[in-house]
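Okay, here's the structure, questions in a sec.
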Amino acid sequence: MHRLYPEKLITVITSDVLEGRLVQVVKQRGASGYTIFRAQGAGSSGEQSGMLDIDTNIVFHVVVPLAKVSAMLDALEDLARKGHHLRVLVSDVNVLWPEKFE
Amino acid sequence: MHRLYPEKLITVITSDVLEGRLVQVVKQRGASGYTIFRAQGAGSSGEQSGMLDIDTNIVFHVVVPLAKVSAMLDALEDLARKGHHLRVLVSDVNVLWPEKFE
Amino acid sequence: MHRLYPEKLITVITSDVLEGRLVQVVKQRGASGYTIFRAQGAGSSGEQSGMLDIDTNIVFHVVVPLAKVSAMLDALEDLARKGHHLRVLVSDVNVLWPEKFE
Amino acid sequence: MLSNLLIPAVLFFALGFFAKLIKSDLRFPPDLAKALSIYLLVAIGLHGGYELGKADLLTAMNSVMWALFLGFGMPLIGYAILVFSKKVDPMNAAAIAAHYGSVSAGTFLTAVAYLDSLQIEYDSYPVIMLAVMESPAIVVGLLLAAWSRRRLAQKQGAPQAEAGNGDEHDRNKLTHILREAFTNGSVVLLLGSMVIGAVAAPQSMAKIKPFIEDIFMGVLCLFLLEMGMEAARRIGEFRRVGAVLIVFGVAMPVLGGMIGTLIGHEMLGFGVGGTLLVAVLAASASYIAVPPAMRLAVPEASPSLYLTLSLGVTFPFNVVFGIPLYHMMVVMMVGA
Amino acid sequence: MLSNLLIPAVLFFALGFFAKLIKSDLRFPPDLAKALSIYLLVAIGLHGGYELGKADLLTAMNSVMWALFLGFGMPLIGYAILVFSKKVDPMNAAAIAAHYGSVSAGTFLTAVAYLDSLQIEYDSYPVIMLAVMESPAIVVGLLLAAWSRRRLAQKQGAPQAEAGNGDEHDRNKLTHILREAFTNGSVVLLLGSMVIGAVAAPQSMAKIKPFIEDIFMGVLCLFLLEMGMEAARRIGEFRRVGAVLIVFGVAMPVLGGMIGTLIGHEMLGFGVGGTLLVAVLAASASYIAVPPAMRLAVPEASPSLYLTLSLGVTFPFNVVFGIPLYHMMVVMMVGA
Amino acid sequence: MLSNLLIPAVLFFALGFFAKLIKSDLRFPPDLAKALSIYLLVAIGLHGGYELGKADLLTAMNSVMWALFLGFGMPLIGYAILVFSKKVDPMNAAAIAAHYGSVSAGTFLTAVAYLDSLQIEYDSYPVIMLAVMESPAIVVGLLLAAWSRRRLAQKQGAPQAEAGNGDEHDRNKLTHILREAFTNGSVVLLLGSMVIGAVAAPQSMAKIKPFIEDIFMGVLCLFLLEMGMEAARRIGEFRRVGAVLIVFGVAMPVLGGMIGTLIGHEMLGFGVGGTLLVAVLAASASYIAVPPAMRLAVPEASPSLYLTLSLGVTFPFNVVFGIPLYHMMVVMMVGA
């Protein structure tokens, strides 16, 4: 499958309320875009039922070339250092048309 | 990327109706939490339009350390043995702050 | 984990409007099913707020055995050649009960 | 029948059905569909409870008793027919049968709209019966399934792993079954709203009236529009279900309609309107409360079988043909 | 114009716009936005159909004919202007032009609220025209695109792979285009509700009235609140679209308003109210039915171009400035 | 208290609470929950603005002044108590305290339903106060947090990285805080609707009336049903929160009720109804506008602490016990 190119998918699970901040991070670090899912869930801060704004989780996906992963993680660590609850996952993906995700 | 730690993401696709059971499984096997998405879809049991409770799929995500994967899969196989329709995927993820997902 | 079998997860991010076409592709290429999430996002064609049908993204997941990946990607490239905006990711997953995803 | 087809609610059902048939990309947001059914359950409950508060206690008790009779009885009849037909295994028979003991609020409300459009009066007791009929059907469905499961295990010689603990285990199971039947979301919503409607102070109920009455018919239209699409989606499954079961999905409501007519007229002494509503209660099959309960507790049964029958066959049949048919039956019996 | 700004619907549009401008985190749940527009389509349809049932057949036919004329004609004018301007390629011109043949229900309803607030009477025929105008615009848009696509292919010398099969292929394409135009979700919803409104028994329509009339204006306010946010979101795209196109997005509705005024007054003989509504029909651009149809069938065109023009330029212009402007034009012509 | 329990809104709250207690699988679609609260904010805002338009300007100004007093004052009292109790650190104290300066629209509306059911008249000024009270609490909460953060940094010896730029930095921060407080989604919606209600032409407001009045009580019931489930969900967190804080969650509203009663009667000269509403404004804690603001701007504080207190303790306490209790207090003071 020579037409697929390896990149990284960064997944951030956090509160709806932080959507704006994450969008900022993505834009500043030059990702080509992002995708947001609303989700329910539970973790150390209890159940997030999705009913109130404050109770809704977002799952934030950004696909970036390998070269940009580190800067993105730095920015996320900054946010966490200020006290925000984030969960961050990084996984391997292969993209068709890598120029789209530059 | 020395700061990332390998774990596993277990994905379960099934009916909305089983949400409670899956939460139980996750809690009993000591995962740190879970995330739930509502989704539409189609498979061997036809189209799930998401309109009625009975027609809605959930996609259930649990991130666990490698050591806990096996127990979690056992529990899911138990559920399937009782006749419930589950689809289970396991994939590799790397987490920032692994202590969060213990 | 001898009970897990490697397959591929194909993820397509595109407009709600293309749902029908993607379902067709999946059915023609013989996948066992698909899962659809609605999502917001932003990319080269601006913000997709999810408010209007035309403004809503879907994230389309299909799990297929390795043998079927190539045909599926061909079909997606066909769609893109007609001018449709698609983003396509392929990643590794391991499935329990691979016969379900045949 | 023609007059039935001039009721907006029925027409919207037809529109939804038609939209899917012509492969329109008309789509309902999932949360709207769920919101509409929450609204309908609350509105029916409040309305029923309010009527109950003003009702003649003896007739009310009598109605509840006959509702329980229908709720327990119809699944037994359905199970017997299905097992006898040999087209499905006992677990599927139990799950399908349970749906016919319960009721479809959408069908009931369409019947109410039908009566309204013909300006036929009706008693308020059937609303109470509706609220009562969800749980018994679930209970009897689960019991039938448990019984079939045990019989299967015995046949296969090997006692099931879980079936080993004997009596005490069985008692646990029963409590569990009763708990599932009464904590079911729509049962709680319907019965809860009914209690609220019955106990709430009349002057504060007056403030809710516009919400549960004025906009009711419009919400029902939207709901049936969506259900029309759902029903049409099931048509693709007809082949899988097979002709015998499809015949069951039409015959069972007709049988139910006859039993309901008898009970409504002979046992409860209702007029044409009330009797028709009892007939519809007996004839209709649940697609809100029972399917999730079955999916959870009878995982061995196939959802596509019971959903196709309830949503794809019995529901459209009742809405389009059943109601005027039962009306004819009632008129013949009551002689009005 | 001042009086326009005292209409709650317009004010809510402004509030939504303002909220996004000041970067408020105000958010609408996506399914609510979609539910509101389903409600509006159903309510307009039922209302229009009900009026149609009581309408003078000849005037109705005449209105429908002129609606078709507008639906087919406006895109042709728009296409000509756009191709002539040389700012966009033919595919984009076709897709953009299609939007101006269709109508924006939100703009139309704001105009109705405007007339209500000035206590000006209006004819009911424009509602019928509204329902008729969605599909022709889609058809002509798809035809213009097909034609441009073929011309492009011819220019490039090499016939397109798909364009090879000749005549039979073309006929298939046309059926396909017509099917897409009439199975479009909002077209089905609007026309379907209209038919239901026309054929349903009057006494059962009475039961739906509160749902489609009493709460209508409130729902419209919420919808315009949301559309205000949508419109403001598009402002960031203005630079990408360019000044010439933005001028088009303002000039095209003004031209449409003039044509509509002529047709409403001269051809259909309506009063001030009715003529204003026809002007608004001609002036407004679709953002519900046409964009998905174009996205699907004209993938070569850029959604951000046609959405920014329709939602970000023409819609706000019409709601805030256009309606009072067309009112002035109508008054000058009718002389009232 | 008994009469309180016969109000449908309160009963629906109890039903939601009960449903979660018995572990029912009753579920609300998330977008419905959010839609209900958008509706309530818009309806309150329009209603309040409309009243404001007709209000006596002096009394209105006076009410607004006292609303600001409560909005700024209650958090200071709460903060002092919490810091003094030593059960939470200053950052958590600031975040929790902010909630008590703001108001819970759900509690306020339940109090209105309570008054309606007892047929007690009430002034319209408290609605204006409600709309005014969201922002000050957010501002003072953010200021308290900034102050605590700086004190913590000083204690720890090392100046915080961000705290280094001195005065200009502080001024930026303040503007930032004010911006966050006034661009908060629910603040914009509430104040915006209020302005619209005040400036819109009366005859067009009449068209919206059925939407914001007739169906209001029913929507409130659905909303409280959902909030009952939310409140019950928090019970599991009680252990984590600890007894002292739970006592705070009950004592703080009682204190607020007393202060509100004083202000309503002595300072504003309202009757029993109006005074009760002011008491409820002072007693209730926000769960819509303030929590997201705190989560964003005071990330160091734990959401599960402030949400459990506001939603799990104070809200149910107020709805079930608080309102009749404050009523008693008001009656004792007013002497009616």
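Letters A, B, C, D, E and F mark the chains as written, and numbering starts fresh at 1 in each.
Note that in this section a residue touches a chain if its C-beta (ideal position, glycine included) is under 8 Å from a C-beta of that chain, and two chains touch if they have at least 3 such contacts.
All of these numbers come straight from a predicted model, not from anything done at the bench.
Think of each touching pair as a link: the shortest run of links from chain A to chain C has 1 of them. The chain with its C-alpha centre at the largest distance from the centre of chain B is E. If you average the CA atoms of chain B and of chain E, the two centres end up 45 Å from each other. Annotation: 19 Å between the Cα-based centres of chain B and chain C. Chain geometry summary: the mean Cα position of chain D and that of chain E are 42 Å apart. Averaging Cα coordinates per chain places chain B and chain D 33 Å apart. Across the assembly, chain A contributes 17, 37, 40, 53, 91-92 as residues in contact with two or more other chains.
In chain E, the positions touching at least two other chains are 25, 27-32, 34-35, 185, 210, 214-215, 292.
Those residues of chain A lying in contact with chain F across their complex are 15-18, 21, 38, 40, 45-47, 49-56, 82-85.
Note for the complex: chain B touches chain C at residues 11, 13, 37, 39-44, 57, 59, 69-70, 73, 76-77, 80, 87-92.
Of all the residues in chain D, the ones that touch chain F in their complex are 29-32, 34-35, 38-39, 42, 46, 183-186, 188-189, 192-193, 195-196, 199-201, 203-205, 207-208, 210-212, 214-215, 292. Interface residues of chain F, counted against chain D in their complex, comprise 3, 6-8, 11-12, 15, 18-19, 22-32, 35, 113, 116-117, 119, 210, 214-219, 221-222, 225.
Here chain D touches chain B in the complex through residues 28, 30, 33-34, 37, 185, 226, 229-230, 233-234, 236-237, 287-288, 291-292, 295-296, 298-300, 302-304, 307, going by the rule given at the top.
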